[in-house]
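First chain A sits with chain B, and in the next complex the same chain sits with chain C.
Presenting the complex of A and B:
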């Protein structure tokens, strides 16, 4: 038990180096690449309404690209659950920490 | 090729690209598959106009003759039924019917194909099943005819049998794609649950490539020749330095990799792919292993053109091309040396130069994964092709001896058999129709089924021509389809010819045949048309050169006062 906790601590310390800001910036790059639009500037409140190319189809592409970029896997229930980019970032953050 | 790259292709400029109409019917969500196919089409210079049916509309679209499918009139219809959907159907079946699942489903598919073909002249590409192992019976499923595993495999097998007897049906081997890349890459459960898409983003480009290679073959784009480097490509080591006793080929060590590669090349040769050699070596030294090494699989007999010298490889490949008379874009060049590969790639537009892995052990698996030799027809003549090109090399040498062209042609003792399409020549006619790009006036492609239909249509007159001479038989090399336009006019619907018989006076012989046929059957005018493509520039002035008069977009010849043109070919 002790061993497991200590491993968890090590990994969370390692990954805590990445702030939400960092994650947002990297997600922004993924959006630019996948949606092929240099002008995309995400913030926590951004939703699919705000970006023309972000539809249900490209959403799947974004999800796959983000999974690859951060080497994480979303649960299928999470994929459609985020109301805005901020919630997506929160979700990514929990995965990176527990990874 | 990544999906994102294909998606970006969608924004490219498609003007001037060849338009092909495609319909896609699928029982799962297919939007991204459609994007991938259209995006991959761009790589082949095709502007694919794709009608995507609403999801799960396969039966309705086909059974209802007023559906959008029939309105779109696609040249090619792609049908994708997923193993996931079939599994849920299977699971709902009463237990006692499960053993008949594959047979019933193939019957259903057969009915759909017949319904579709009765109304629409379209080729069909069906994706076979990427197997799901539901492990309900474990490995025992292989012994049990009512397991899903058993029924899926049986269905894939029955599908091959169905395709073998149905000329318009072609299979895209999704099952082979899955065995190459694995279920984990093919299928992403969370995306399936959220979107009803069964193909993962990563596998879409591979599937699109599989489909496009068939589409390209249907449109006459296929590789016809493989050019081999020798040292460290065909055998291990350097023949000039190591000597015949030290090169690596056979069953020992890395020699095995080269032997297996040679067996693969030999199989290609036996199915009609031309093998040429292009090597930086002294010719006699390069030929020695082919003649004397006991473990060599390839022999000199298998090589149509053998070029070994110290010249630049791009020039040598141009020389090979001038003997074979096929497009550079139908050639594959294998060389272990990245420097040579780059020279060839930079100087010979269109040629395919695979980036062979550094380790020869990996050559073959890598080459398999590229699927370089797609085709949509094979014929008995394929196996003879090497001999044909070897005799062509002899003819080239003979011709150099004559200063007078006519004397050379007379000396060849050329004979031609002229006959209408029949069941013996149909496969070759259909194949030549798919393969001929350069000497092809209208580039209308005909399948076996079309040819059979034409042979019995009273408005069409069909002619096939063979050509033999003292060096050998070229087989069937030219096809003419004439259409009765009205009581006075015969239209040349199709005129294509194999480029290997150029400059023998075959054009004159064929025109004499056409004009005399017209005269004998009361037609006074023979009408021709040239439809330009990216590849048939060679025959742009074909009708003009033969004495036709230009009239609008067409060319006409008065048959009543036609005088036979000079030629040295006799009817056999």
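Presenting the complex of A and C:
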């Protein structure tokens, strides 16, 4: 599954002009792939409480998939500080800009 | 002071009326009564115990404020380390010091080197494992900006010493509990009756179910060399149900007492024996501890090892469960018990079925064959591993296992002798009643009859006051 995600990456990212909406949309796709649920519709306020498949283990799988997708690397403290999807998107955005 | 004692009843009646009558309109007095009551309750058996509790509360109170205030990240980090040192150091000293010394001496003794270090005769602060976890996660949450430091020392000291939960949990998180202490509680009739029901049910589980089952398990675990395989297996299974009835009964009472005072204490059990795999079991067993470990041990570790894929998850879960084991006490039996549970996760991680949150299906009253197979398999695995939890030494546990697995069926009806058949019947009825409670909602009259029946049984068994298993941890 991760392989498919990384193939998809080539065409879809490495564009530093991405808006937050673009990032959200791509993150949404990663969630759908990793959690294997087509119905996931993320917004900035979404938390793990809202998505049944999103628990402590799949969280790590999501983080790894997002890092691969955007070709970025989070710090442990960053990963643990997110309160919702919006904060994660903010963090991704700063990483892409500085990349 | 035990919840199932007469002195607690008197203590609680006094606190209850002071709290709801004298301090009805004042948040400040409500908290002061809880704090004062908490210290009386905690120091009842030995007032010297209070000194550590108060010192630990004070240190963490000020550290919380300074961690939040500090703008220098390095300084912040050091303050956090200081807090961890106080919490983990306190635990290590009081609970594990003698264990370290003995293990150290034993290891060197095997190489022919003998050290003359003596162990200490320590007065271990009861409940230390529970309230220390509360203060550790409090500081970590402030450091991660997940909550603000508490500025009111009465509120914070009351949080640490909240008497319904101080001895054996549930481990309430500061970000859920401190806000409740910062708001004046109003007496709500429905919440209070709900609390009484829960206390009642908890008392029933403890004094009727757990105490009766313990008469059988005490026999079997004491004289395990004299019994056949079936009896030993029955002993392990009954012990699993006993510890569940004992600890979840205690938790129910703590939650109910909390409700009577207007609080929502975090839940601890969710029908763990109906879990159909080990991951599911741990989502339902001692929930306040496992969710704590998941957040502060497993998650940081698995993030740290995230580049190693499944192996990283396996390493994280094994470390997590070894810590879970040693948290219960200073004995290699607990370490091994934790290690085994960590290992049980490996097939689930490899199969990828670990991360499926499941809800108990309410539809069919009778379980399907597959459900029966998975639920009883998980239950047997948990029960057999609990032999380690109960045994005094690892070799004793393995002798017990040998007794089960080196098949010996002499006198096959042995497990039904004396009062054992009653204990087995109580165990089965208790599990069936739990199953029915999940599946059906009873009309009030049926519940009332049940409560009256339970009340008679409680009164019949209340003569003996036995301690709770989890008080030792």
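Of note:
Here, the second predicted complex is superposed on the first by the 83 of 99 C-alpha atoms of A that agree within 3 Å, B and C clash if a C-alpha of one lies under 4 Å from a C-alpha of the other, contacts with A are read in each partner's own complex, and residues count from 1 in each chain.
In this text, a residue touches a chain if its C-beta (ideal position, glycine included) is under 8 Å from a C-beta of that chain, and two chains touch if they have at least 3 such contacts.
Quick caveat: nothing in here was measured; it's all calculated off a predicted structure.
After superposition on chain A, the partners chain B and chain C are seen to clash. Legend: residue contacts after superposition of the two complexes on their common chain; A:23 is shown touching neither chain B nor chain C.
Using the contact criterion defined above for the overlaid structures, shared-chain residue A:33 touches chain B, although it does not reach chain C.
Contacts of A:64 after superposition on the shared chain: both chain B and chain C are touched. When the two structures are aligned on the shared chain, A:52 is found in touch with chain C, with no touch to chain B. Legend: residue contacts after superposition of the two complexes on their common chain; A:85 is shown touching neither chain B nor chain C. In the superposed model, A:76 makes contact with both chain B and chain C. Between chain C and chain B, the overlap after aligning on chain A sits in one stretch of 346-354, 418-426 or 436-444, namely 346-354.
Overlap of the chain B and chain C interfaces on chain A comprises residues 56-57, 60-61, 63-64, 76, 79-80.
The touching residues of chain A, counted against chain B in their complex, run 33-34, 36, 56-57, 60-61, 63-65, 73-76, 79-80. Considering their complex, residues 144-146, 294-295, 298-300, 302-304, 306-307, 313, 349, 354-357 of chain C touch chain A. Here chain B touches chain A in the complex through residues 3-4, 7-8, 11, 31-32, 188-191, 193-195, 197, 200-202, going by the rule given at the top.
Those residues of chain A that touch chain C in the shared complex are 52-53, 55-61, 63-64, 76-77, 79-81, 83.
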